[in-house]
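The same subunit A turns up in both complexes below, where it pairs with subunit B and then with subunit C.
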Partner chain A sequence: MGLGLLASRLIRPQKTAARNLLLRSIVTKPELQSAEPATTPQPDLPPRTPLAGARVHFPNPDDAIEVFVDGYPVKIPKGMTVLQACEVAGVDIPRFCYHSRLSIAGNCRMCLVEVEKSPKPVASCAMPALPGMKIKTDTPVAKKAREGVMEFLLMNHPLDCPICDQGGECDLQDQSMAFGSDRGRFTEVKRSVVDKNLGPLCCDMIKLGRVLWGIVKLLGVQDLGMLGRGSGEEIGTYVEKLMTSELSGNVIDICPVGALTSKPFAFKARNWELKGTETIDVTDAVGSNIRIDSRGPEVMRITPRLNEDINEEWISDKTRFCYDGLKRQRLNDPMIRGADGRFKAVSWHDVLAVVAEIAHQVKPEEMVGIAGKLSDAESMMALKDFLNKMGSNNVWCEGNGPSPNADLRSGYIMNTGINGLENADVFLLVGTQPRVEAAMVNARIRKTVRGSNAKVAYVGPPTEFNYDCEHLGTGPETLTEIAEGRHSFCSTLSNAKNPAIIVGAGLFERSDKDAIFSAVEAIAKNGNVVRPDWNGFNVLLLNAAQAAALDLGLVPESSQSIESAKFVYLMGADDVDLEKLPNDAFVVYQGHHGDRGVYRANVVLPASAFSEKEGTYENTEGCTQQTLPAVPTVGDARDDWKIIRALSEVAGVKLPYDTVGAIRSRIKTVAPNLLSVEEREPATFWASLKPDATQKTSSTPFKAAIENFYMTDSITRASKIMAQCSALLLKK
Partner chain B sequence: MSITWNLLGAWKSIREKGFGAFLRELKDEGYLNCLADGNLLQTKIHNIGAKLIGVDKFGNKYYQNLETIHGRHRWVEYAEKSRYNASQVPPEWHGWLHFITDHTGDELLMLKPKRYSIEHKENLSGEGEEFIYHSKGHSLNPGQKDWTRYQSWQPTKTK
Partner chain C sequence: MASSRVLSLTRAHRLALLSSRRWLSSHPLAEVNPCEVGMISGIPEQHLRRRVIIYSPARTATQQGSGKVGRWKINFLSTQKWENPLMGWTSTGDPYANVGEAGLDFESEEAAKAFAEKHGWEYEVKKRHTPLLKPKSYAGNFKWKGPAN
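Right after this comes the complex of A and B.
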């Protein structure tokens, strides 16, 4: 023993260490070992703050009861569990199987606490709190119970923490550090299970006790279950089925341990290497709140962020696993197509000069600008300003159809709000399949159906829902029947307290769009769907850019503009039909992926993807949110609005903004709601102001707006995982 | 006494090899550096009467003299006479030199794993940037960073 060590031992004010050193090689903190008496009630102390901002809502003030947690009096509503009471009192109870959004399973036994006059420790997550109950959470009994449970749980746990993907963010690790014993007494052979094939997204590696019972409740498809008994019990899908829910990725977040982990992320990175960036998702119009975890220039994974109004704490599989598309098929250099039809990389200086020169050669009305599905509000504003300055007004966003209704905001957003759907009791889905168009909205509808037995009916092509859904018809004639009161569904609608109609944005592309919308409005009027206290008329948009584009007034001047176009500016637009475009038209494609739009392009301008830029997006319910850059741009790519700003200067029609702040103040003059970030701006006027449509509905039945849930935009089409998913899961 | 023996030995080698070869040997063995380098001179004086235990593959000589103070009875004379440092001692001799073991490096060399062991390399810190290890992609690594973390779209694949 060195002299320095001896000296430090003398200096250190520790009483027991020197004595124990000879006896114990591993020394735990003596404070944890000693059995202290239960804390005596100290009512003079100020009350502890509730855990993690836990709020108490008293539905009925008479139902408030008082319990004592470690001597502190706490007022809680009747029906709360002991665990919730402890949370309100600011005491964190260790738990595995309890999840506030799932039903109570009560099988992990980790949350044992001592209750006075109870002979045994009780599982606090399943025990309702009773008036005057005296709960003790840090007595020797509770500690011993936790330690014992921990030892049982770790009994068959493999010793693979150093290579386990959950390492570092594992509840089991944290809690065994905090509550577990410092040594195991298990000397038998540990049990092992074979990896099961759960599909391309999740892999199951090990199983811990019985903690994972509640998972099935969320997915709505009874895919996962327990097989076997006792130590032979395993998680499995029945008959090696694949998990086919579009929300299956969420089991990764629910699972507190490494039993179910993300397959694409498996063994790629450790979570302490990752940088988290709180941003939003753009693969659908919901705008789910996500966190992008990146390591250096790579996006390593995407996880959900809590937002009660939009996605709660779930995200769809497309959102979660599309990130590998961000690394493939990227455009990284400006390119010009030569005379031989091959692209050649050139400098920004040259390419902007070429584009500006050609833009001046065509007539203003022959210029067309199309914003893509993933465009942010800033770049759409810049595109519209640029084309207006050049003299053209043919600018629109793909997916909004040839003649979008941008005048009344209530005609293109979800007026009820995603959260508000929970109050509805009858749903009428018109030409939409929310399960593939907006999986998070579908999860809300499902929650409502399960929670309050709401009725759902749909008009559209026959599809599969994961809740009971009545099929009314396939085309506009069914709508007309309901509007004229000839359909049996009318009575259900008129008897409903809070009916909600959801119209799919796929109908925007139809030529009889106005007639369909006036039919839906007639239904809304007859069914009393729009009242001062309840607006049940909703449009479910498909793409992240749509709502902001309509707010900014990206409406084409004529619906025939493509046929006569000589200069087309595609800002990430890949799904526009360019068949009718004249062969001599000059196409500029500005975007981040080499997707459909590039094949017709004469010039390619590389732009940054949503993970690399700061952009404003408005989701389908009219909530404005912003993305934040998580990773650097690739190659020579630039932000969308900066490219257009630079092009405008080269073309001699300089746009008057140089910064994001300046462009936002320009947006403020057009659509001020796009600046109130994270706020939902409801529509003020109702569609009754609209003139009556003179159009006739056609008899063509509604089509599915999205054929493939997993591949809807340039990012998801470039993703290998999404390609695997659609090959495996959609084939079936 | 021992000085006399050394002088006699020197005289003998001059007679055997000639004066030129003797001077060359003096230079190679670092006796000329001794004039400026006190450490080396001290080692050379220490070596007198000590037992040469072994020589490693780099030419470092390991001496032991059990007559001297305990704890200073093993030392190394580096093969490199001007820029020597402790990292020039290979691992097999390190244990012997630091009294971790009594087995000499030659004995321990037999324990050297065949399949995965790599050659000992001295620590070249401070000897210049070109000697220091720089990882792939480091700005001081002479090799070009010729890869990207993303896969770019290949224009030649278009129709």
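Right after this comes the complex of A and C.
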């Protein structure tokens, strides 16, 4: 026995791992040399955690079964597949056609695993897990099966990885490195496919396998299909059709290979050059969670990120492709309109002095402040504080109508929650077309309709849905009929277990808004829509700023203030009707795009867009989220709230905050829910506390709230891709 | 002779063990107070009073693998970038511009928090979103879901 060995025997650590690390001496393990077999290591094994920190949903806690994955016991709910069991056990099974949010296709065969007592490898994505099943994911059988499948899949795959857009974030690339063979036996000529025109958003390059089976399920349009058979098979749209869905961009994410890639992003950047910033979307009121990928000072693309409660893993096309609007029509410098009607760039110092001087020349009640669709809570708070300090209370957010109801929070948020809509079994859509107003909410409704056969009824102008929908009527009289129990839909509503009513925020602009809302509340009361365990009364907002504006109390003192205004402060407000504004009124436009508001403006103050600032937004279900800056601001632009803060100091009414933290603590005194980030704050009081409306409903039918899905705000209106989309896809 | 060498060896090991154990637990010099690392490291003061965001990056939407999911990163909210007119490359005035993206990566939220505290950064932690696994089956594709509307 050598000396070193002897020494190490003597100082053998007493089974402490930490010491073992410090003492790097040679250690023998006599127990390994002993003849008797080692006992099963199971008791010592740390419990495995599910992949990606996944939570497991047990529909019925009694129906749990136990299976063994590579010897580790895991408890899973009955009905899960073998692949899901492996996920719960923390084992990642290679897959192509399986996507956790689509129905199971089961045709790529990449997920083959060995199951004890099964003669052949099993496609784990389609095989239900059974009690006591012994799954082996790391055996020679499973490895050989994967290698074989990989070889078949790569047979017709082009060797394009260095120039393919998917290269670097491609499942096929990764999995062929991990599981593929190191050489191929294919000597014939590879098949090639001509590029297809799927519209302005996606381009189809090369097809692999038959992976697109599930896509149709998500989009709800049967536009994409399989043509031909065998090696002649291709993905295509039927008869020269373009993909017309507001969620079509998601096929790019679903496709595990580079067969479907983003056309605007094609060959623009490589994904490893990109810096990802996790933020949220503001083009609609859903607040989808997104990642902005930027290269240097430029936004290169927008991709979704997971949030089970809001957007799952999807985003709408508007969200995904509006980013080129962030680079066009931007306001760079502060500008003042000269006597000749042309803008002249001036310094911040001069422009603020001019604005402050004119603000002091008008009477307080002649001052009006309007927040835009994309305003964050911080800037709206600053705007309201500034105008209040100047003596005016005519401040509101566009889209909330002339006399918004900000008293009862339940009257302007989605009380069920976007995720909660999945539990509903009857939907009544009042004056809203979620497909264009909030595509992610529509995706939830569609999921519910497909999953549990929920019924959908709709009151509003004729339109197209991508699920079965009963059109009850077009105007308020249908609502009155339902409220008074004279309509045939009443029985459906009262028989429903979890009915949900969704009222569109387009109705906020109507003069008979209160009467319509009291009719809807009567329907809710008769249909037992609001119960302690279920609140099915929802308002679907249109813009990202609306909910926070109402929470902060941006309510105008008089609804006629525009007619008598002499000083109008537009904070990104582009869709306000300025027709009635007197000609001698002084208009300040603060915003990031040269859009409609600039036409009438006397002074332009450049501000930063949502991708360049930190801002708090509240989405339609009352969930507060924050954006983070991804790219630098353009030109001499500043954050919205900073501009107002600076202006207040020049005007002599200094606002008492100069950091984001300070303005947030100011918000806390007004609306504390805007500080609990990523939390959904439900409304406390139900609208029954409201006094009865004395208004009468008018007979004017409801109007569509959004004419063009692709162009709703200053960013999307500046986007070239969105313009192409509306030209091509909304063509009648 | 041999035995004495063994003895000295073991003693040396034990000493090393003892000292290292003490260093790990409560050596007065090894104690790290908040902000201290920054103070002695020569980092300019403006970078010691930064706001950072601690977050756990979401899975890439185009990929299914979970290997990179669950790590924690620090976002320095660094946007001081411009395109350099000479070569068209991206210039930055922020020494932390590329640190958060490429250089810092933590096993857990606590580790990232401790790191930020050590440097004296004001931090905010973003909630990590995790998927919800619901049972699904191949047979569900062909299930009769009641009469159509």
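Definition applied: the second predicted complex is superposed on the first by the 677 of 732 C-alpha atoms of A that agree within 3 Å, B and C clash if a C-alpha of one lies under 4 Å from a C-alpha of the other, contacts with A are read in each partner's own complex, and residues count from 1 in each chain.
By definition in this document, a residue touches a chain if its C-beta (ideal position, glycine included) is under 8 Å from a C-beta of that chain, and two chains touch if they have at least 3 such contacts.
This is a predicted model, so every value here is computed, not measured.
Engineer: Touch check for A:Asp70: first (subunit B), second (subunit C), both, or neither?
Structural biologist: It touches nothing on subunit B or subunit C.
Engineer: Could you say whether A:Asp317 touches subunit B, subunit C, both of them, or neither, answering first, second, both or neither?
Structural biologist: It touches nothing on subunit B or subunit C.
Engineer: With the two structures laid over each other on chain A, which partner does A:Lys327 touch: subunit B (first), subunit C (second), both, or neither?
Structural biologist: first
Engineer: In the overlay, answer first, second, both or neither for which of subunit B and subunit C A:Pro297 touches.
Structural biologist: both
Engineer: Taking the superposition on A as described, I'd like to know which of subunit B and subunit C A:Val598 touches: first, second, both or neither.
Structural biologist: A:Val598 contacts subunit B only, not subunit C.
Engineer: Per the contact definition in the header, classify A:Glu378: touching subunit B only (first), subunit C only (second), both, or neither.
Structural biologist: In the superposed model, A:Glu378 contacts neither subunit B nor subunit C.
Engineer: Applying the document's definition of touching, compare subunit B and subunit C: which contacts more of subunit A?
Structural biologist: Tallying touched residues of subunit A, the top partner is C.
Engineer: When the two structures are overlaid on chain A, which partner does A:Asp640 contact: first (subunit B), second (subunit C), both, or neither?
Structural biologist: A:Asp640 contacts neither subunit B nor subunit C.
Engineer: State whether A:Lys78 touches subunit B only (first), subunit C only (second), both chains, or neither.
Structural biologist: second
Engineer: So which bits of subunit A does subunit B touch that subunit C touches too?
Structural biologist: After superposing on chain A, subunit A residues 296-297 contact both subunit B and subunit C.
Engineer: In their shared complex, at which residues does subunit B touch subunit A?
Structural biologist: Touch list, subunit B to subunit A: 148-156, 158-159.
Engineer: In the complex of these two chains, what residues of subunit C are touching subunit A?
Structural biologist: For this pair, the touching residues of subunit C are 2, 5-6, 9-10, 13-14, 16-17, 20, 51, 53, 55, 57-67, 69-70, 75, 77, 79-83, 89-90, 101, 126-141, 145-146, 148-149.
Engineer: Which of the residues in subunit A come into contact with subunit B in the complex?
Structural biologist: 296-298, 326-333, 335, 341-344, 593-594, 598-599, 604, 634-635
Engineer: Residues of subunit A touching subunit C in their complex?
Structural biologist: 3, 6-7, 10-11, 19, 22-23, 25, 50-57, 59, 76-81, 84, 87-88, 92, 95, 98-100, 103-104, 106, 125-128, 166, 169-171, 174, 252-253, 255-256, 275-278, 289, 291, 295-297, 303-308, 313, 451-453, 455, 468, 470, 612, 614, 628-633, 660, 677-678
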